[in-house]
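I've put the structures underneath this note.
Shared between the two complexes below is chain A, which has chain B as its partner in the first and chain C in the second.
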Partner chain A sequence: MDLKTGLVGSSSSISRELDLVIAGGGPAALAAALYAARYDIDHIVLESYQPGGQAALTAVIENYPGIKTITGGDIVATMKEQAESWGAVFDMSSLISADPFGDRIQIKADSSTYMTRNLIIATGAAPAKLGVPGEDKFYGRGVSYCATCDAPFFRDARVLVVGGGDSAVKEALHLSEFVSELVLIHRRDKFRAEPYLAQKLLSCGNCSVLWNTTLKEIKGDEGVEGAVLNTPEGEREMKFDGIFMYVGRKPATEPFSNLIELNDNGTVRTHNIVHTSRENVFAAGDVTDNDLRQIVTAVSDGARAASAVFDLLQ
Partner chain B sequence: MAVKHIKGNEIEGAASATEKLSLIDFSAAWCGPCKMLTPVLDKVSDDLDDKVSFYHLDVDESPDASSKFGIRGVPTMIVFHKGEEIDRMVGFRDRNALQTQLKNLADSKLV
Partner chain C sequence: MAILSDSDTAEVTKIFGALVRDVYVKVYTQKLECPTCTDTETILRELDELSERLKVSFLNLQTDREDAVKDGVDKAPAIIVSDGTHSRVKFYGTPSGYEFSSLLTTIIDTGGSEEPLTEGTIQFLGDLDSDLHMQVFVTPTCPHCPSAAVLASRMARYSSRVRSEVIEANEFPELSSKFRVQGVPRTVVNGIFFTEGSLPESMMTDALKKGLADDPSEETNLMDYLQNN
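So, the complex of A and B:
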C-alpha cells in the first residue's frame, strides 16, 4: 500500500481503504460529509448519484429553520461548500456496486474500488414516472419533472400538473408565475400537500384543480399538444403545451440490493432512523422508509448516520 | 479538451466542424441540474477528447436557437454527427452514464 495515498493494488485495479464511504450528493449526504469531516473520519463522498439531490430541483425552500427563503440550488451549494471547508472529500465517480467483503464493504466505482469499514447510503430518489403513453416520447419536448428547470420555456402557455403532494403544489405555484393557465389534476378529492400550500394554489388566479382525475395519455406530434384525462364525468381531451409530473419518487437503491434489506417499494428498511439490516451500513434521507421526506429530516439523518459511524469506529 | 461556449449562430458550424461527434449542451444559469452537469461535461470532454467535441449554449443568450431545436427543458444535450442530430439526452447524466452513451454512439458512427 502507498502510505501517502492509501492506495493498494495495481494501477488498473486501484483499491483504497477507508473508514467510510458516503454515497449520494444531496442534503443527507452533504450533512453526513460535514459531520464525518468534523469527526476526522477517513472518508470519501461518491456524489455522482444525483448531485444536489431533489433539493437542487426545488425552486424555493421556505421551511428550513433559520433560513426564511432560499433556492434549492443555493442551499445545496452552500452545504457542499461548508462540508468542503471542514475537509470533506468528494469523488465524481459513479457507484456501480456495493458488496460485503468479510467485515468490510467493497464499493466499485467507475474509476476505483474502495474497501470501506462503513457505508452511508444517501442516494436519494428520482421522480417516478406515471407510465402513460406519450410520457417517454415527449420527455424534454413538453413533459417535465422539474418546474424549476423548465418553467421559463412555458411562458404564457397552458400547462397540466399531475399530483397532489407538496412537490406538485409547490412546483405548480412556481409554474403559475410563468404560464397563462394551469390545470392541476389529482386522483383524490383533497390535497396531501400542507394546507398553507394547498390554500395558496386554490386562490391562485390562473390555476384550476380537477379532483378525482387521472392522466390517461399524452397527445402530440413533435411536442406535447394535449392530454386525455379520466374524470368522474368520463374521458376528456384537453389542450396543453406542457405536462409536469409529480407522482412520487423512486429510491436509488439498486446497487445495494445484495448488501441490505430493502422494502417492496425499493426504500432501505431502517430501524432507529438510520440503521439498516447490516451493522456497518446506514441510510439517510429520501432513500429510507422514514415517513417525512424533507431537507430538514435528510440533514438530521445524515448527521445521525455519521455520528453512528464515529461511535462504531471508537 | 474544454467545453467551448457558443452562440446560436455557431451551432451549425459546431455540429459539422470535424469528423468527430459534436455534443451541444443547451443549459441555463438558473437551472440546478445544469450547474451539476458542468463539471461532468468537463471530465467527459477530457475522457473522450478523440471522439467528441463539446459545446455549451446558454438558452437565455440564444433563445431563437433553443426554439429552433425544440428545447423545452434544460439541460438538453444534442449529439450531432456531420451536422445531423443522432441523439438527444434530457436531464442530468452522471459521468459514467454520459461516457457510456457517447462511447456507444461513437462506436456506431465513427470508423
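So, the complex of A and C:
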C-alpha cells in the first residue's frame, strides 16, 4: 500500500529580512531550494497551498533521466525531502505581492512579510481554462483539470478529454484505466504529444480520437451530461459524464507585473535562461518563456537561478 | 502482513520524535460490510508501535455503540485524533496515500510543540459565536488534498466550536453523492458553504467570516465571498 509520509507545513506569521525568497513549490523551486541551502544562502521557500506544482498531478513520469518510472507525487516529495535535509526552509504560504523597495524587494505572503535582496520566481502555471459555456458552472461537477485526483469518480463512465499535448494524452491514458469509454478531441489533425504516448493512446481499447474538433459548450443540469462539439462535419452533441481539460497553461505571474517585464502571454521575459529585466529577480520553470516545459528543464532552471543568486551575494 | 514498509517505519519513527505530549487515537471498525476496516486497523496498530506518546484504542462501531454515539461516529473505518479531551477531529476511510500524510500531520499538530495556525486564524476561531462543521472530501491520489484536510483538522483541534471530518470520497459513495462530490478536495461547511480545491489559510478564514455574516439560505461557493471583494 502506498503511504505518503511528507507532512503538511504551516503558514508563517513571522516577518524578516532575507537574502533570497523562492516563490513556488514545484520542481524548479525545489531545485532552487536545494542549491540555495547548499550554498548556505539565508532563504525561505513560499511553497503555496498546492505543493509540488503541476508535476505532483502527473500520474506517471518516465522521462526524468536516472529514474525509469515514478509518480509525480513521489518525485516532488523526494525533491522536497532532499532540499529539507540540506536545510531548506519552507513557509506554506502563497505569495500575494512583490514590490521594489529600494534595492530590496518586499514580499507579502498570506500572513507574513519578507524583505529580500533576491527573488526566484518559480510559481509555475495553472491549467488554462477554455472559456466555453458550462466550464465554470460544472467545475467539480464533472469538469476537472486533474485526472490523477478525480479519475475514481468516473469509474465505468463516459468521459471527454480536451487537448493534444503531453498532459492531455498522459492523463487520458490514466483515465482510460477507470472509464468505460474515453473520447479525446484535438483541434489539430495530429498530436503535439510525444509519439510514444500518442501511439499508446491510439492503441488503447476504450479510447477514440476526434481530430480537428473543438469543444463549444458543456451541457447539463446538476452536473455534466454532455457536450456540443464543433467537428469538421458540423456541430455534434454527445453524452458525457465528465470532461477533463488540458488546453494549455496560464503562468502564475500576476503578482510580479509591477516588478519585472512579462510577455503578452503572461510568461516572464527571460534572457540567459533565468535572468529577468531586474538584476536581483530570477525566474525558473514553467513560469518562464523558455521553450521546453519539462521537470528536467525546471530543475535545471532552479539550479541556475540559485547559482546566479549566490554569485550576486559574493 | 505488515503494511508499513521498512522505510515508512523509519520515516514515521523519525517524525514521531517531534511528539512532546501524548496523542490519543480512537479507531472505530466493524467486521461486516467494511472492506477497508482491516487495513485501517493494521496501519494504526503498526503506528501505535512507533511512539510511546501515541495511545491508540480500538473500538467496534456495532458493539461499542455508547462510545460511538458519544464520539459522534456513524460509519467505519473512523479515526479520531485528540489530546484525550474531545472527539472533534475525525478521519473516515483508510489512511492510505496522501491521507496518511494528513493523519501524520494531525498527530504531530496534536502532540508537537508548535502551534501551526496563524495568529489571524486563531483570532477568527476565538471570535466564532456559532459552530462550524467542516467536511473535507479527499482521495488517496490527490496531492492537493492534505492541505485542505489538515487546515480543517487544525481548526477543529484548536476550537471547541469546530468539528472536522476528512472523508475518503471513494469509500463513502453515498455521502459523496449526497454532496455531489466529483472533484477533490471539496470542503463543505455546515452543509451550506463549499469550495473546490485547497484554499490558503487566510483566504479560508476570510471567506468563512464573510459567509457566516451573510448567512445564505442556499448552497454557496466560498470563492464568491473572495471574488466580490
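Definition applied: the second predicted complex is superposed on the first by the 297 of 314 C-alpha atoms of A that agree within 3 Å, B and C clash if a C-alpha of one lies under 4 Å from a C-alpha of the other, contacts with A are read in each partner's own complex, and residues count from 1 in each chain.
Keep in mind that, in the parts below, contacts are C-beta pairs under 8 Å (C-beta built on N, C-alpha and C of every residue); 3 or more make two chains touch, one makes a residue touch a chain.
As the structure is a computational prediction, the values presented were derived from the model and not from experiment.
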Comparing the two partners chain B and chain C, which touches a greater set of residues in chain A: C
Contacts of A:176 with chain B and chain C, given as first, second, both or neither: neither
First, second, both or neither for A:140, with chain B first and chain C second: both
Interface residues of chain A shared between complexes with chain B and chain C: 48-52, 56-57, 72-73, 76, 92-94, 110, 139-142, 144, 146, 148-150, 152-154, 222-223, 242
Contact footprint of chain B on chain A as seen in their complex: 25, 48-52, 56-57, 71-73, 76-77, 92-94, 96, 110, 139-142, 144-146, 148-150, 152-154, 222-223, 242
Chain C partner contacts - residues on chain A that touch it in the complex: 1-8, 10-13, 48-52, 56-57, 72-73, 76, 92-94, 110-111, 139-144, 146, 148-154, 222-223, 242
Touch list for chain B against partner chain A, complex: 28, 30-36, 39-40, 43, 60, 66, 70-76, 88, 90-92, 94-97, 99
Interfacial residue positions of chain C with respect to chain A in the complex: 3-5, 8, 11-12, 15, 39, 43, 95-98, 100-102, 104-105, 108, 114, 116-120, 139-147, 150, 169-170, 176, 180-184, 186, 196-203
